[in-house]
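Consider the two complexes below, in which chain A is the common component and chain B and chain C are the respective partners.
This part shows the complex of A and B:
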């Protein structure tokens, strides 16, 4: 019994071939399934369980009292500002997803169909490289662009279009959305590009050959086949935008506070962990629902290419 | 001047690569059924794609009715193609695939919605896919996809239809039926069909003219009958119905006949002359023109060989006869079965059925 691997292949007394094969299968299964199961348990089940446990309790100043009350969940939907902020987060997340897709599509299209191999690699790098810089730095960069002493105002004054620096660019929903779109567009680009790459050129040839104009080729063939990529990208950008808390702090104002900021405040300032846990669970549930719908749609539009 | 004129067409897929099409000259008349025939990789698809405008030639020109269309957009040409890999749109049903052309801006207003609907039905019927109109391409077999692609190309009744091995994945029976169908459509519409296949039997059965290609070049352009009876080189002879081609040396030319000495020393007489004595030539004989003989026959070439193999083909037997030395092999079609393998046989072939071929 020193060599475990050899042992698995040795039939024991009176064991049939089928039984032995099944025994070996079971052992192999254990080997492949155990680590992910363990991972899933430690990093998913336990944290979610704790979250759920906290969300049903309450806090008195700083002492946590376990309980079984749905009060926190009711509060999420009935007490300001939770529901409103959640809707606002969803709105900004949706804007992020939509604008990222709109901005990302042409670039992905160019990369997939028109860029020569060298340009493709170069642009690909340009899309990836900003991720080597910290998110914070990039969000901060927009502050210097949009602020009263920023590049935009300086340029507008220089051009004689305005006399005084404008404050409308910064600390509002516009600046938050702009920053989020800027930061997350690469996800949309890569996701759409991956899908466009899969479209066989022979389909485009066939459409052109049938007499389709370039626009018709796009509208009737390329675009419908790229929808799964758009959706996959949108789920990512929406989720990232929805849950973001850096952009609202750096370039946002009171009107653009997002749900993650609320949760952070509840945790760090108000010490209301149960409320934070309840919000977290609601957000996770909504996220799951959203991803399921997107997943269904993706499959609905995914054709065998 | 012909309807389609292809002049010195050349196309390479990259610097340093051997050209896929290497200087092709071809004229096609209106209403003709022309087939490009050749083995895999000889440039048939590339030629077709150049004609359709899906590939930009490196040089040469393509004229349509005398007008240079070499670099026109593909959608500007009234040509439809049946693609070798079908290229059906996976997001559309079979009916919508077939109707794709009809619904484009280009054809808007030509047909009323009812007419569009009726045509879709007609063309699905034509390719025996009436029951499959609502399915998506991935739910169809290879042969069904191919037929859908056929219907899609024909539905707008283009002036020119380009077929790239449109029957490649059909079984023998359906293949035959579709061949007849395509022939019928050709006769009925009177449009110009340019057809690609590597199946010489299909090419012979369907075409007005056959273009035999090899290595990006055209070897011979002629009617099926002429290609069969009078191939202009050894490659064409071998490619069409696997003709027997032996090489030999011309020993004499007299009285309208040429005598050729084969590798094993036997002398073969054939009609015609024009090749100088001493030169190396190929001689071609069709398997069905060679007979197994009991003894010498007057006026015929007699060849001795060894019966090496026997294949039953249904309506006939095929025999493989080895000539002595390195002289080669002959395939012979016969109704009757001669004596056992390994024995010596005598073959007879008329001098008229032996053709001299340039090396």
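This part shows the complex of A and C:
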């Protein structure tokens, strides 16, 4: 710390100014890089290393035996339910991302282009508040709406559309997807809005003056420019949907168990740590790949505005 | 003119989305006042019984306190390590920067359960007993990315010219930070703290695996919902929403800047 206070770019004797400047710059850099790096090393890299160690071993009843076998990794891709559950989680995650974006877009569009300044703040707040509301309670709310004694069935019976409560609304992949979309739509709205807000008015004016119809302006100018926002939101909503374990338990059935539920079962019920560790490492690898793809796509679609 | 498109259509669609977002919350709020053991129709009459029960339930009050405690610790961790990470990513090129960035971002896309499993095996290996602190360390590690991405996005907008000018004028690193960098990123930082707090306050997956004897509020709610859900849960939910509205409004009043509003939730992937 005391060293830093003495830092200036004034050249000193016996050392060229440039060399000294470089040395100081390096020290300033380490000052910011080192603390987070150390933290990530201890609380992420070492734990992932532990996972790797466990994943190569095996469990006999409750005793862990270290080993060097890739068997658990092979099992992730060849033995049911693992691969199937992984694909199901990816499917529900993808549904979550797509529907959150579709539902979120109009509201983001309204916020960016139509809301009067005074209303804007208020509407923005209205988007944030449901996101703050307890996650569990939001999932539970859908249970009370979709259940056999729920509000939807009561209303449908009251309107004379059906005679007996329908069971098709709850405890299936539909209800899980609906709940996930509901919970994560605010993320999509905020992320798309942030991108739409950056589109300069002059760009839209120019297109309109050049004779484009409003639909053409949307299709050829506004929508392409909003893609990075859609992607950024989709990466988050996909990941949150993929890794969710609450919705499958509260509103899902046996057919909608997802990867996080399987991992928890492996730890608690089956006590198969090596298998859980192997799944964990596969998901970590997929996550790193997703980040790289998202980073690439963002640069591919991002225009300077 | 900024507004384009069919105003009526856009407004109606926007309102429909807001209805979708609020109908379930509104349902919970209404039933929290319903004089019935069962969450659902019919509406039997108005009561404050469920609220009284919440405030009389010692377990709920205690887990609320635990949640606040954990969330405050998580915010501190997120800022302490996320802020330097953002500055490092913005200002310097260093060996391994691409991997540094990936590791910072990883918890955004990684299921909480996986973070939990990894940390749990680490804790078991070093013989750390599970407690509120182990939850705090776990959530904190997962939420460093919030401060890092929010602040990084702001720093990118600002550009490096002002901090470089300060350096050339002889300011040391801490002076640059306090007098140039911090004032410019204040609202982004506040936004990040609000987000980290709210995610931590609501976090289940990491907590589920790292919890010791003391539970956070979501864990208490989770066990209530799995056993037998009473309208007490609705009352807690309504209280949490009201509390968050107060917190958000307070946050904006403190920052007094429209930017904080625009930053909250802005993803920097």
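The definition used in the following text is that the second predicted complex is superposed on the first by the 278 of 305 C-alpha atoms of A that agree within 3 Å, B and C clash if a C-alpha of one lies under 4 Å from a C-alpha of the other, contacts with A are read in each partner's own complex, and residues count from 1 in each chain.
Going forward, contacts are C-beta pairs under 8 Å (C-beta built on N, C-alpha and C of every residue); 3 or more make two chains touch, one makes a residue touch a chain.
Nothing here was measured: the structure is a model prediction, and the numbers come from that model.
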{"item": "Chain touching more of chain A, residue-wise (chain B, chain C)", "value": "C"}
{"item": "First, second, both or neither for A:225, with chain B first and chain C second", "value": "first"}
{"item": "Touching partner for A:203 - first (chain B), second (chain C), both, neither", "value": "first"}
{"item": "Partner chain in contact with A:154 - chain B first, chain C second, else both or neither", "value": "second"}
{"item": "Which of chain B and chain C A:122 touches, first, second, both or neither", "value": "neither"}
{"item": "Which superposed partner A:296 touches (first chain B, second chain C, both, neither)", "value": "neither"}
{"item": "Contacts of A:77 with chain B and chain C, given as first, second, both or neither", "value": "neither"}
{"item": "Touching partner for A:211 - first (chain B), second (chain C), both, neither", "value": "first"}
{"item": "Set of chain A residues, in rising order, touched by both chain B and chain C", "value": "205, 208"}
{"item": "Of all residues in chain B, those that touch chain A in their complex", "value": "49, 52-54, 73-75, 78-81, 83, 85, 87-91, 100-101, 104-107, 136, 138, 152, 156"}
{"item": "Residue ranges of chain C touching chain A (in the complex, touch as defined)", "value": "1-7, 10-11, 13-14, 16-18, 20-25, 27-28, 31, 38-41, 80-82, 84-85, 87-88, 91-92, 94, 100, 102-106, 108-114, 117-122, 125, 137, 141, 144, 148, 167-168, 170, 172-174, 198, 202, 204-205, 208-209, 218, 221-222, 225-226, 229, 233-234, 236-237, 240-241, 244-245, 247-249, 258, 261-262, 264-269"}
{"item": "Residue numbers on chain A that touch chain C, as the complex places them", "value": "1, 4-10, 28-29, 31-33, 35-37, 39-40, 43-48, 50-51, 54, 103-104, 106-107, 109-111, 113-115, 121, 123-138, 140-142, 144-145, 147, 149-151, 154, 182, 185-187, 189-191, 194, 197, 201, 204-205, 208, 214, 217-218, 231-233, 235-236, 239, 242-246, 249-250, 259-260, 263-264, 267, 273, 276-277, 279-280, 283-284, 287-288, 290-292, 294-295, 298"}
{"item": "Touch list for chain A against partner chain B, complex", "value": "200, 202-203, 205-213, 216, 220-221, 224-225, 301, 303-305"}
